[in-house]
Amino acid sequence: MLANLTVVPKVAPRRFALWTLLISFGGLGLSGCRLGPTDAATRGKELFETCVPCHQPDGSGSPVLGAPNIAGMKEWYVEKQLEKFRDGIRGTHFSDVEGMRMRPMALSLPTDEDVKAVAHYVESLPPVRHASSLPGDPRAGAALYATCSACHGPNGAGNQDLGAPRIGGIDDWYLATQLRKFKRGVRGADSRDFDARLMRPMALTLADDDAVRNVVAYIGTLRP
Amino acid sequence: MLERYLTGASTYAHSIDHLFLLIAALVGFWLIVAEIALFWLSFKFRRKQGRPTQYVTGEEKHLARWVTIPHLLVIVCDIVILVPALIVWFNIKQTNPPIEQTVRVFGQQWAWSFQQPGPDGILDTADDIRTVGELHVTVNTTYRFELRSRDVVHSFAVPSFRLKQDALPGRTISGWFRPNRVGTYDIQCTQICGIGHALMAGRVIVETPQEHAAWLIRASNPALAERESPPASATGASIVAEVRR
Amino acid sequence: MSTQVPHAEQGIFQKYFWSTDHKIIAMQYLFTGMAMGLIGGYLAYVFRMQLAFPGHSVPGFGIVTPGEYNTVVTMHGSIMIFWVAMPVLIAAFGNFLIPLMIGCDDMAFPRINRLSYQIFLLSAVVLVASFLVKGGAFGGAWTSYPPLSASGAYNLTPLGASLWLVAVALEFVAFLLGGVNFIVTAMNSRAPGMTMYDIPMVVWMIVLASIMFMASVGPLIAGAVMLLFDQTLKTGFYDPARGGDPLLWQHLFWFFGHPEVYVVLLPAIGIVAELLTVFARKKLFGYKTILYTTWATVIISFLVWAHHQFVAGIDPRMANIFSVTTLLVSVPITEMVFLYIATLYGGSIRFHTPMLWAVAFVAEFMIGGVTGIFLGASGTDIYLHDTYFVIAHFHYTFVPIAIFSVFGGLTYWYPKMFGRMLNDTLGKVHFWGTAIPFNLIFIPLFITGAAGDQRRTYNYALFAEQSRPVLQHLRMFATFGLLVMLLFQLVFLFNFFWSLRHGRRAEANPWMANTLEWTVPSPPPHGNFAKLPTVYRGPYEYGVPGRIDDYWPQDVPN
Amino acid sequence: MSTRPISNTRSVTGIPSARLITWWVIASEIVIFGGLLATYVMHNLGHPEWRAAAMHTNTWLGALNTFVLLTSSLSAVLAFKAADTLDGAKAAKFLRLTALGGTIFLVIKGIEWTREIHEGFVLSSGGFWSFYYVLTGLHGLHVLAGMIILLVVAADAAKNRELQRVECIGLYWHFVDIVWIFLFPLLYIAR
């Protein structure tokens, strides 16, 4: 009594379905070609999405999350730090709370080429300057900065040959946090971190937290 | 049965594996019986010309017992599963065997860190060893772990130990494990804890007493450690390549 | 006070967007649910491709970053449960079937019904909009455990998290409004002569599901408001540092979350009951027993919630109680499944597309059911908790529920809804192209779960045990299954829209069924019944001895 | 409005659909408030220090509010009696009186909140205050919603239309009242 339910319609849907499937499979096959590497610039931009939740789309960072302002940071430095995070040289100290949040993100970059691509993209971001957020006396800091200028340069522009990053234009709260980490050995304690082991004794010359804030305040006045 | 998929490296791995096998056998049997009944009835009573439908309400005693009897047997199986399940649970989560060592485990976004007694064997002294991402333990030693979280909910899981326990902020949750096989095993976080959840990897290294003693000396004396090769931590080598390997 | 007043010709907007007609509202729910289903399916495609080819750009999406992956899985879960299963199973089928099956012209409160859909639509819009805000849509899993969900600094999707909560809360309100309407309509507006035991099973099930939803969701609505305040107004309900308790949310969520599983299950098994009886030409085996087992399931399911939290830091002694209640819930459900199988005995089964879906539902749902035992037994749950074993288990329940029974129901009631028949051959192609790949997806995932793959993990490269090649191959295999399954959905979409125009015209009762919706023309006119029916017997009187026809419609006097 | 569907006029259970749905809405509200109150009570037991915070609520104003709300419930009953005798104008009068009670309640509640906020106790000042504001706020929203419905129903009742609604809004108002009866001792008295 239900035998007449299967009716042959006017347009053969079977043929249509076949074509639909064929085209879809073909489309999938073609799209599979895109699985290969795309050009580095596009990939760097796309991979930067990994960093966006903390460092923001413009790379200017977020003090609440402890994410520094990385917009326009030099490619060589970003790459070096990312590799340090990936190798467990940074972000593996028991007290380095922010570093432990950063290390997995560095590890999420699939290959070393991708690290380069992201670092390149970071440098291409226009630098952003934030107003200072910590109290400090730049005049007192100027004297202390003499130690730093040997590597980081009188205007804080950094020196790639010495492994010294640009510090002029970096947010003061971040510089202060890192100086404290160097002092406590949270950063620069790993035997493989040569640059940081050079930095650590320099940070230890800052006697107390006032000194840290003063030198950071002075760095805030630099225009590299 | 689980051993086929993943090594068991703690004393209670076997009891969980056996329980899994028991459940698999019992429910597997019922599943097969029920599926066969379903497909056989579907086939046997497919439409045939001249064979009318039987009028059955389900109240008939002689038919209803085809449902009732298997159903009672299923209840029996439930109990057979429940008793060992509760025993396994009791042994793992509700009993405290004699503790030989204590280790403190911290979860944070997104790393596991550990605090262990140094050479003096006492926790919370100056020589405590603090590590990130790596836990060194001695084989055949009963460990008590004190689990804490520094921010969100994490879950401390060592699949090879069949160990899993959520870490809650503001609370210390303790448990125990006793590794019985030397080797390196993964530590996972199995409770979503933010964007780095999948990257919150650690490893537990089960060592012989001699190896462990050597590690203890190295770890508690950084000056000594610097002259040796760097510790093997998760490498930053291409993670695509690792998967393909 | 009378109906059957010829309605004036309405404008398109009046007719399709501002209608109080239960059939139009049902279609609104159905099409919104289908649209959301497409989004959910796309999200599944994205994360399965990422899992199969980690680190590669996914065609049609791009590189999946860890944060995006969390967003994608969170939204897949939320959408599939709250914006696909709920609206389609309860609201679309409930709205369409309840008035027709109990023999009246509309819902008891048509305007409340319209309001319920509008709130639901708003919730869907809010959810979809959350993809576009800064930081992206919420990425803290559909369970939304605080403190992760309570602070933007932790989940890094501060706006998305709040919008997600707002959307979910609105959705709950919509279904509360719809639910009370279903309950009252079924209680009060039945045709003369229709006793409690003459109500078709699917109506019973939708009403019971609505009652269950109502009884379980309240605390979570309050909890959602509290979480929203934690996010935005810096209260500390779930913050242990300020006297709160993160476990509180887990209790509130799962007190709702577990009954929610049965809220979507019940309408599905109701639909399957209709399909099995019609196509086996059989009376439902033990109508009353099925009803009692359903009641038992409803009650027990309120007592099992903490089995989601065995290792969450609750008192380990509590786990024993919940382990017992969890295995207890298997008792009525097993009975129900056995009764469904027994219904086939002595039948004369026609394997049209809807029947294929119904039998497949029973076959696959049993796999989902028995694998639940591994998780309900507290001992094995220590290992299996939050692994892919759990994922495979609940997809073996949810996919039969939200996919198989929905397709079964759609193919069965399509002639009544749209006045034309679906193409049966295409329907069968679609069936096999869905049912087989479904198993190809999730059987491998049982194995990867048993091997320790943890959930919500976008890349296993950092885990030596999980990056064994064999497991990666299984993941790729599952992805292959998904791709095939998704492709075959095109067949359904084509069949669905093609048949709207070109399908064979359906007569009033193409399946020779008993229930009242088949006594009116296809599609039913506004007001449904030309003359409101009277009911003389139960809905499943097939093959009654001594009759010429093998079916006996409910409204035929003798 | 258009005509009423048959489904709305049927009453298989013998209870009019309007009353039935009101009961079901109240049932779902009970679950919401019940969940919140149960949560509060559980937390309260675990936090003895909340007693000290509770000392800062004003019991006298709370008691006054209880009295106001109970009185307004009485006038809701009188409105129902009037509607029962098909006296729409009288019912409307009592309904508006009930709404006035609601207004007074909200004004007093507003005074309380203002005092507490001035003393520095806001939503985020700790567990007790979080619960206090959420519970009273949610209840206040229900009072507000009830008042709006009361006025709408009163407008209809004045023209002797839809008199069956007087009973429904009355039921709802009693429910809002009873919720307060639970809130008052829990937030103001149990210290």
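Couple of notes before you dig in:
Each chain gets a letter, A, B, C and D, in the order it is written, and its residues are counted from 1.
The rule is simple: a contact is a pair of C-beta atoms (placed from the backbone, for glycine too) under 8 Å apart; a residue touches a chain by one contact, two chains touch by 3 or more.
In this text, all values refer to a predicted model and were calculated from it rather than measured experimentally.
The count of contacting C-beta pairs peaks for the chain pair B-C. Remark: subunit B and subunit C have CA centroids separated by 31 Å (rounded to whole angstrom). Computed from the mean C-alpha positions, the centre of subunit A lies at a distance of 34 Å from the centre of subunit B.
Measuring from the averaged C-alpha position of subunit B to that of subunit D gives a distance of 50 Å. Separating the CA-averaged centres of subunit A and subunit D is a span of 54 Å. Residue positions of subunit C touching 2 or more other chains: 54-56, 65-67, 156, 350, 459, 462, 550. Taken residue by residue, subunit B touches two or more other chains at 109, 195-196, 199, 234, 239-240, whereas all remaining positions touch fewer.
Residues of subunit D in contact with two or more other chains: none. Touching chain pairs in this entry, ordered by label, are A-B, A-C, B-C, C-D.
Put simply, subunit B touches subunit C in their complex at residues 2, 5-6, 15-16, 19-20, 23-24, 27-28, 30-31, 34-35, 37-39, 41-42, 45-48, 51-59, 63-64, 66-67, 70-71, 74-75, 78, 81-82, 84-90, 92-94, 109, 151-153, 155, 157, 159-160, 162-171, 173, 184-186, 188-199, 201, 203, 234, 239-240, 242-243, 245.
Contact residues on subunit B toward subunit A in their complex (touch as defined above): 108-111, 113, 115, 130-133, 150, 195-196, 199-200, 222, 225-226, 230, 233-236, 238-241.
Those residues of subunit A that touch subunit B in the shared complex are 53, 83, 85-88, 91-94, 97, 100-101, 103-108, 110-112, 189, 191-192.
Partner subunit C is touched in their complex by these residues of subunit D: 2-13, 15, 17, 20-21, 24-25, 27-36, 38-39, 43, 47, 123-124, 126-127, 130, 134, 138.
Of all residues in subunit C, only 54-56, 65-67, 69-70, 139-141, 145-148, 154-156, 240-241, 246-247, 280-287, 289, 310-313, 316-317, 319-320, 323-324, 327-328, 330-331, 334-335, 337-339, 341-351, 359, 362-363, 366-367, 370-371, 373-374, 377-380, 382-383, 385-387, 447, 450-452, 454-467, 469, 472, 542-545, 550 touch subunit B in the complex they form.
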